[in-house]
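Comments concern the structure below.
Naming follows writing order (A, B, C and D), and every chain is counted from residue 1.
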Amino acid sequence: MAEKQKLSRETMAFRVAKEFEDGMVVNLGIGIPTLCANYPSPDKEILYQTENGALNFGPNATPEEADLDLVNAGGQMVTPKPGMALFAHDESFAMIRGGHIDMCVLGVMQVSDKGDLANWLLPERGIGSIGGAMDLAVGAKKLIVVTEHTTKDGKPKIVRKCSYELTAQECVDMIVTDLAVIEVTDKGLVLKEVAPGWTAEEIQELTEPKLIVAPDLKEIELM
Amino acid sequence: MAINKVVDSFDEAVKDFFDGATVLLGGFGTPGGCPSYLMEALGRHGAKDLTIVCNNVGFGKELMQVVAMFTKAPDWWYDGGQLADNRQVKKAIAAFPVLASPLLVSPFEKQLRASEVEIDIVPQGTLAERIRAAKAGIGAFYCPVGPGTIVEKGKEIKVIDGRKHVLEYPIKADFGLIRAYKADRLGNLIYRGTSRTFNATMAGAAKVTIAEVDEVVELGDLDPESVVTPALYVDRVAVRPEAGRTEIIQKISKEEQLQK
Amino acid sequence: MAEKQKLSRETMAFRVAKEFEDGMVVNLGIGIPTLCANYPSPDKEILYQTENGALNFGPNATPEEADLDLVNAGGQMVTPKPGMALFAHDESFAMIRGGHIDMCVLGVMQVSDKGDLANWLLPERGIGSIGGAMDLAVGAKKLIVVTEHTTKDGKPKIVRKCSYELTAQECVDMIVTDLAVIEVTDKGLVLKEVAPGWTAEEIQELTEPKLIVAPDLKEIELM
Amino acid sequence: MAINKVVDSFDEAVKDFFDGATVLLGGFGTPGGCPSYLMEALGRHGAKDLTIVCNNVGFGKELMQVVAMFTKAPDWWYDGGQLADNRQVKKAIAAFPVLASPLLVSPFEKQLRASEVEIDIVPQGTLAERIRAAKAGIGAFYCPVGPGTIVEKGKEIKVIDGRKHVLEYPIKADFGLIRAYKADRLGNLIYRGTSRTFNATMAGAAKVTIAEVDEVVELGDLDPESVVTPALYVDRVAVRPEAGRTEIIQKISKEEQLQK
């Protein structure tokens, strides 16, 4: 059996980006989600939306291109792109809440087998920032969360019931971790893919709720 | 694959309409501001029992002859009244279903008097806000317009800051037919003058938004700061023939007016 | 005593326009109200708003200026003006409902001593068009109604209780007719001005509710 | 008399502030997009016990030294955090009151931990919509964001189309301080890039809206089709000194970044 591999942050982003379909409007959260924009498939045209008010902006700016008035939701300077549109915050969240975002990718602290998401309250600080996460979790047509499979202490982040403050209930459609790709279905969590060298049993041990192993379980393609 | 929302014809743009659909019809009250060609194609399509959502239910072909004398619109250029002419309308949700002058009785009003169609009359601002609510994912809103009038009938009332409000719900539609000036292949739109009106409000409010434009420009030709309707609100774009373009009609209109 | 005069439609519009203050945002309804724009005082800058989506447009267009894409709420072609702004219908009624219109002038079928307004249902047709009248009546900071004092049959249009379908309750601030200028106050209707040659008693006879005669009652200035 | 909303100084623009006022603060999270000069003037004014309504409560002077290293903002150019620095804030209504990195503790967070200030944390879209509701005269609205979370606490819940919604009320403010790019003397505004954000949303939502701009242009220089904030939403306009203009800052920023 092959050596066990964990996906890097970049590889997780690469795997998530495979879910983007041609013509989709995609919103990327801060952190690993932002990296997804680095792996565009050349045969797909994706329109990225950022909640601070731009649709169809380009990649991050080089120092030469830098414009303080063109930033993404993470505060990074981005570039203009032909066919871009700019708008105010109320319009941006009309888009988000109104179901006009095809896919959203968010980071996560905990996710439950019902698709409940907790990603905003920082427990070590007793406080946090909701930001646009709640609106995106509720409004996006499809929500993918991306995260390390366990905490730094090895505790499951995929749980039966979130102990942290919720972002939204029953909102997650797919979980991509450094070890697995899991679909949230009405019947429960379906393990679809595992990282190279890992077995379904090993993933189950690191996951609190019972996983349903997909009949066509396969290894995550790393490129 | 490059995204391309531009379809080849107005008929293709409306091909998936179905009987009983709810349709947002853009424009305010003058034919210049409404999606005339899309409505004409919807006439050819023949879908029946439509619920139309619009400011003004339209003049129809007969009255347009009168109106054309004042506006100098081309005489082939009809407004939403043609759907009533064709007897495709079951119900209208509108702010201005009856024309001000008693001499101007629209086909819709005739059918209304004969109890052949239904009307749900809505204040204009509430109509705009209910359409926006559908676009913006708002479940319902308390509106200060309507208390003590016919509008409050059957609605929940709540006193907020000492003022009565009525609870209004979003108008959810299957299709939106709108008129814009220019588009790019992604569906970004700009409008022209006061033709923005309900057109821009309706963009994105229905399951499928179809825009009728004068011209599709190259990607990058629309200034990102001036795009009124961002691409994600638009599903299809159909282009008017040259004779229907604003510049051409303006020119004819002006020449005819000056001849008087 | 001078000969009795009734104000013409133009004179009523002229009288109403005197109420416009420098810098005001004003919305004019269809009919006599539209005529108010013909009597701008040269020392006042008024921003006219039209509910179909323009602020600070210019006078009606000549045939040379005509543009089918620049119309007012009455469908008349108007002209652009430096400092004009265009917007969609939802934004236009955000302005109206949100109290951003300083003054609105509407026509009226009936108005009560409480300031209730009825101006939309056409009784002879059993149907009518609400249009933007309800929103304007509720939202404008100050509402002036302008009308002939009585119906064509000589019946009062200023009544104790409107028999026609209401546009809005307690919304009218001032009534300008061809015979009088009346303020709607918490105490009732205050007769402020009368047309040349008319007495307060004669106005009262044509008015259903009791009028309070202003101590400084005066004649309407016709120019 | 010609309307002229342009005031002579930032101090004059904020002169009628009072203790306990509720203030909308424009911007998203980067200093470029917020009304820095107006906030500085508010600091000089000294009004206390303010309730600030904003996306991000700001870095404050100390952290801005760190941030400036990345953004190359001028080091005198502070964000909304300066109001917490000055201890003028009693309460914040915000979506992002705490910075993501535990290494970045803002003055507001420090005061929050010491229970010296209050926080009402609101989802970003709900914050934007509650501000718009104040502008648009909406009494309250049912929002699908928040059910099952801390946000629903103490709020009315209604199930609409099988989905839980929470009732949200407009945020009514005394003043709005916003940042725009260009204005005319009537108060029409345009923005630049993503600096539109909460600035354009807040315009017209408070009793008094004060805009900080780079430039006042001649009447007619702004394209009516591209005006983002129509004049009637704006009460006062104050103009940045040359050193604070976007073009100048961009130039310095770019030169410094290229030197690295």
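Heads up, the rule we're going with is that a contact is a pair of C-beta atoms (placed from the backbone, for glycine too) under 8 Å apart; a residue touches a chain by one contact, two chains touch by 3 or more.
Computed from a predicted model, the values in this text were never measured in an experiment.
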Contact-richer chain pair (by C-beta pairs counted) among A-B and B-C: B-C
Taking each chain's C-alpha mean as its centre, the one farthest from subunit A: C
Rounded Å distance, subunit C centre to subunit D centre (Cα mean): 38
Averaged-CA centre spacing for the pair subunit C and subunit B, given as whole angstrom: 29
Where subunit B touches two or more other chains at once, by residue number: 129, 132, 136-138, 143-144, 191-193, 225, 228
Shared-contact residues (touching 2 or more other chains) in subunit C: 54, 86-87, 93, 96-97, 139
Chain contact topology (line, ring, star, complete or other): other
Pairs of chains satisfying the touch condition: A-B, A-D, B-C, B-D, C-D
Parts of subunit B lying in touch with subunit D, wherever the complex brings them together: 129, 133, 136-144, 158, 160-161, 163, 165, 169, 190-193, 223, 225-226, 228
Subunit A partner contacts - residues on subunit B that touch it in the complex: 1-3, 132, 134-138, 184-186, 188, 204, 218-220, 222, 224-225, 227, 230-233
Complex contact set, residues of subunit A against subunit D: 30, 50-54, 63-64, 66-72, 75, 86-90, 92-93, 96-97, 116, 121-122, 124-125, 127-135, 138-139, 165-169
Interface residues, subunit D side, partner subunit A - complex: 28-30, 32-33, 55, 71-73, 95-100, 102, 109, 112, 119, 121-126, 128-129, 131-132, 143-151, 191-201, 228, 246, 249-250, 253-254, 257-258, 260
Interface residues, subunit C side, partner subunit D - complex: 22-23, 25, 43-45, 47, 49, 54-56, 80, 82-87, 91, 93-101, 139
